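The same subunit A turns up in both complexes below, where it pairs with subunit B and then with subunit C.
Right after this comes the complex of A and B.
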């Protein structure tokens, strides 16, 4: 039996040292909402932990040079309530507010949502739509940046090496003419795991869409970019008629992405509901701006 | 591993197994049996406790993570005398049948009151959305919490 070691570094320097001593059965823990449950479920008791939640630097949300820097230990409840996030990445606030229960949102972190790489991860669809990057530190203190989209390789799979930890998420906030929203649907009204989720980000010039990003989660190993929908949105007038067309394309996207999965029959209908929610939310936000 | 924490108002310094889940540490090492284990995956809320005055499911974090933190369970509310009003409200309103979800419900309500001393019915419903009750139903529980909010005392 290996000796279990629990380390809680208080700075990035201490984290670096802890990473340099990391063994094959050492796990990084932040909120714990996936790891603690997983260890108990799999009856794994012999392991070491590096708890990164005592590093103050990783709990900050800052607006720096047009970019929003979110520490990897920022919790869902913080994303939900933070003014900077509400203003510049409102869809991230919305996604965070839809995750689990109050109890889970008080623990779960944005870094954990990325590193855990679930196909239904709610913040991830938003981070993809915003081309967000992460900053990753290793055991010798080197810091590298990578797109969140590239970090996540598949279900539970990332490019993170054994001695690496996500320390920051960097997002370019939306401009005054940009809008974004997120919606999801699960088996229950609240406290639910997404059966399907989506994020849309639009740039508008008056009523015309000049650019768009559309990601749909849970129809692939990671959220899928829908060029089909983006192409239908770009250079079109944002109105009810366009929305109806997009809802139909949503169904087509689901069928294209998961043609053989049994859940396609449910998801091709469900996607219409969430795309409709997103359109309505963006419309509401535009009206508030006017 | 030695931790320092405040548990139900008492400062403790204790050698613990940091890899235990918080629910196991509280029940087995601290003998705080109000903390119930239901689903073991953060879905049912029976194991809800307060971590630095915020509601968390104690089955979803490790005991070592509470070093330097403050934990409150129903036993803590009993010590301060706060439990009596809540308990009477729950029992008078018939909000308890099997009682397994009750400690978690109470701690979620307490966390809400820390944040907002005069929550609306909707805010109460949202605060307990992570607490499942499979026998009483939620209306009586919500009513009990509303009466605690309003300071209605029962005999």
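Right after this comes the complex of A and C.
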């Protein structure tokens, strides 16, 4: 029988050491909300764990040189309530607030949401739209940076090597003329896994959209960038008429992305719901600004 | 009716509420026995297969003590649904199966010194399957290509009828036909299944089971193990919800077997996935209804074809089909009606009781059909129902017991008024936006009060008055969380004129409780067991008074008794307990009676629900904005308990209407094997349920009371579906109305 080792490094240095001793059945745990479920399901009874939540710097949110640094062990509930995130990446607060139950949000972390690489991961669509990067450490203490978009390769697949751990997420916050929002639809109103989700980030000059990023989740192995919608948004006036047009393009995007999946019949309509939510939310935020 | 009650109807607090709220109540999982073995069932991964098992590798796991399979257990077939030896059933279950009939069927038991060892043993066990073609769903069963039991997958069929429906259809102005389906539903009790057993010093098998019918568990164990009834002690322990799911023994036989075989206490538990896949479910159905009526709204004829998915074992294949059929004759006056019910074996989780027992299924489709009939002649659906609803004292057209004080019309009339139905109906569309559609809906329903008319329905009660002023009531009840104990306490308290706090009602224990014929099921407990407690309380109070006259030389008329004390003008107050002392020392007797009580009837209960929904035109998500549930329950014994039932029943019923379904893949595996995939209505989605009680008294019931717990899960769902159909002008009949189905219905309009 394998010996089970449970370690909880208190610093990146200790983490490095722990990673150097990692075996094939050692798991990195932060919130554990996916890991524990997976271990039960897959009947994994002999295992070792490295708990990274005792490393203080992984739990910080900091605003540094125009960039927001989010420690990988920052929990969903922290993202939901944090002033910096609320101000500079409001769609991330929104996405975090929609994940699972209160109990889940009290444990689940942003690093875990990325590393788990679920098709429907809610914070991921936002991180894509913001071109967020992650910092990754390995067992010899090297730190590398990679776009979240590139880290996630497919469902449950990432570029993370066996001895690597995400330690930080770096996001450039939105400017005063930028707006972003997130919405999702699941099987019910709350405590639900996304059937489809999306994040839109817009730059507005007066009423005119000068730049946009649109990502739709759960219509591909990872959130899909919709150039179709971005092109329709750019250089247009942000109004009700544009919204109606975007809703239709949302349906088209779904059909383009999953032409053969049975779920397309539903998602092509449901996508209008989330796009409508996002438009209304951005409209509301603009009115608050004025 | 005298309504000056001291205890009946009052919001008295349960004895166990604080312990439960503080996590102090002891459930199965909290109970440990010295030298106890832990056990886990190895459940089949294949839906239809002969199983061979190599125990070696599992036995090698450190801490694993035993592995049992079909080869090791007695081969006495039984039917877990059979609650008394006379119930006519097909016996097709073994303690552990040789042929697995669904994913989740019991094929081996692993015992070990710890849970961890047992889990590792389960993982290590080598099982090979000789697979047969799986039968998933009613359509596949009907083909009879692959047979699950006997020579056809048709498990049961029955026609119930009155009048001559076929020819009466010719006289109708209109005929409306609908066809719909209802899903397999998981009970979602917060406590999963478990059982603990041990051998006592007299070689009795003692079984601690969170169960609904101790005498059924005893019967099934006696049958499976060929062990004397009198040496099996089944104790009902605190239960974390049942809703019918813990009605049939799932683990009790195998647990008892393991204790008998090893001589050690054995505890077997299941997790959520195992409980979803391997216990019982509400039967799924496909129902076709054809209703003929006249332009004035009077129903002339109706034909119902109901197909039931019975699952892998026979269990309740006959019972649930009959239950569905019988309800169809007790809500509306339909002179010509035929119900044709068939149930089929499939390689899915076996059917079992589930709150409402067939009523939620039959009403799910029939109440949609009633709305469509009303729509056809542009009549208000409440009015259409009122034209056809039964009246108090009506007879059952197929010879079942009379309907009793049937107050469905009051439910509809008073409910419509309280809901402001007419006004809301007029203006509801004004709320519509491009994003949301609004609608309102109504549905009516009926359910029973026990088994009278179909099966033996009697119980025995033993009551004593004990020296320290305690009233001890022994009756085979099982509090499933509904407050059954308190219900009995309040009924007795009213007769005794003593606080419920002085009354103890131990729950079902085959070594303590006198025999009860049918257990805590079939909506019989308040009506039958409550009736029995009332009767026995009256008998012992009379005995108490007679003894008092002997002791104090007074006449009955002189006696005053109240609040646990008894006296006359000339004699000081003494407590009932002091009197019991005197009776023993002076009269060489004790204050104890045993009474056998036969159910006086099987009246119907009625309900109507009124709801408003808001449908998201894009996501297809439905919000129930408002719900009013009106219940004809005769008399509430405890209003807080009744409201709890109504709220919980609404939650289950809305769940069946909108999101709950045990889904199977074609290969027979379960898609929705946990609560992230099996969607119950959670609290943020749950509206505040308003309730309105029609308390007009049922003559045969204790203080006029009849059942309420099960019927609460009948009408909210169909009212929600009718409201959705109203909002979207469509005709959704398949349950649950998931967002996908709603969007599809809108697109196909």
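Simple rule for what comes next: the second predicted complex is superposed on the first by the 290 of 290 C-alpha atoms of A that agree within 3 Å, B and C clash if a C-alpha of one lies under 4 Å from a C-alpha of the other, contacts with A are read in each partner's own complex, and residues count from 1 in each chain.
In the analysis below, contacts are C-beta pairs under 8 Å (C-beta built on N, C-alpha and C of every residue); 3 or more make two chains touch, one makes a residue touch a chain.
Since this is a predicted model, take the numbers as computed values, not measurements.
By the touch criterion defined above, A:53 reaches subunit B but does not reach subunit C.
In the superposed model, A:265 lies in contact with subunit C only, and not with subunit B.
In the superposition on chain A, contact of A:45 is made with both subunit B and subunit C.
In the superposed pair of complexes, A:255 makes contact with neither subunit B nor subunit C. Looking at the shared chain after the overlay, A:155 reaches neither subunit B nor subunit C. Judged by the number of subunit A residues each one touches, B leads among subunit B and subunit C.
In the superposition on chain A, subunit A positions 40, 45, 190-191 are in contact with subunit B in one complex as well as with subunit C in the other. Within the complex formed with subunit A, the subunit C residues making contact are 62, 116, 119-120, 122-123, 271, 435, 616, 618-621, 623, 659, 676, 679, 681-682, 684-685, 738-740, 743-744, 746-747. Contact residues on subunit A toward subunit C in their complex (touch as defined above): 1, 40, 43, 45, 185, 187-193, 195, 263, 265-266, 269-270, 272-274, 276. Residues of subunit A that touch subunit B in their complex: 4, 6, 8, 29, 31-33, 36-37, 39-41, 45, 47, 49, 51, 53-54, 77, 100-104, 106-107, 190-191. Partner subunit A is touched in their complex by these residues of subunit B: 1, 17-19, 21, 40-43, 45, 48, 51, 54-57, 59-62, 64-65, 67-68, 108, 111, 126-127, 129-131.
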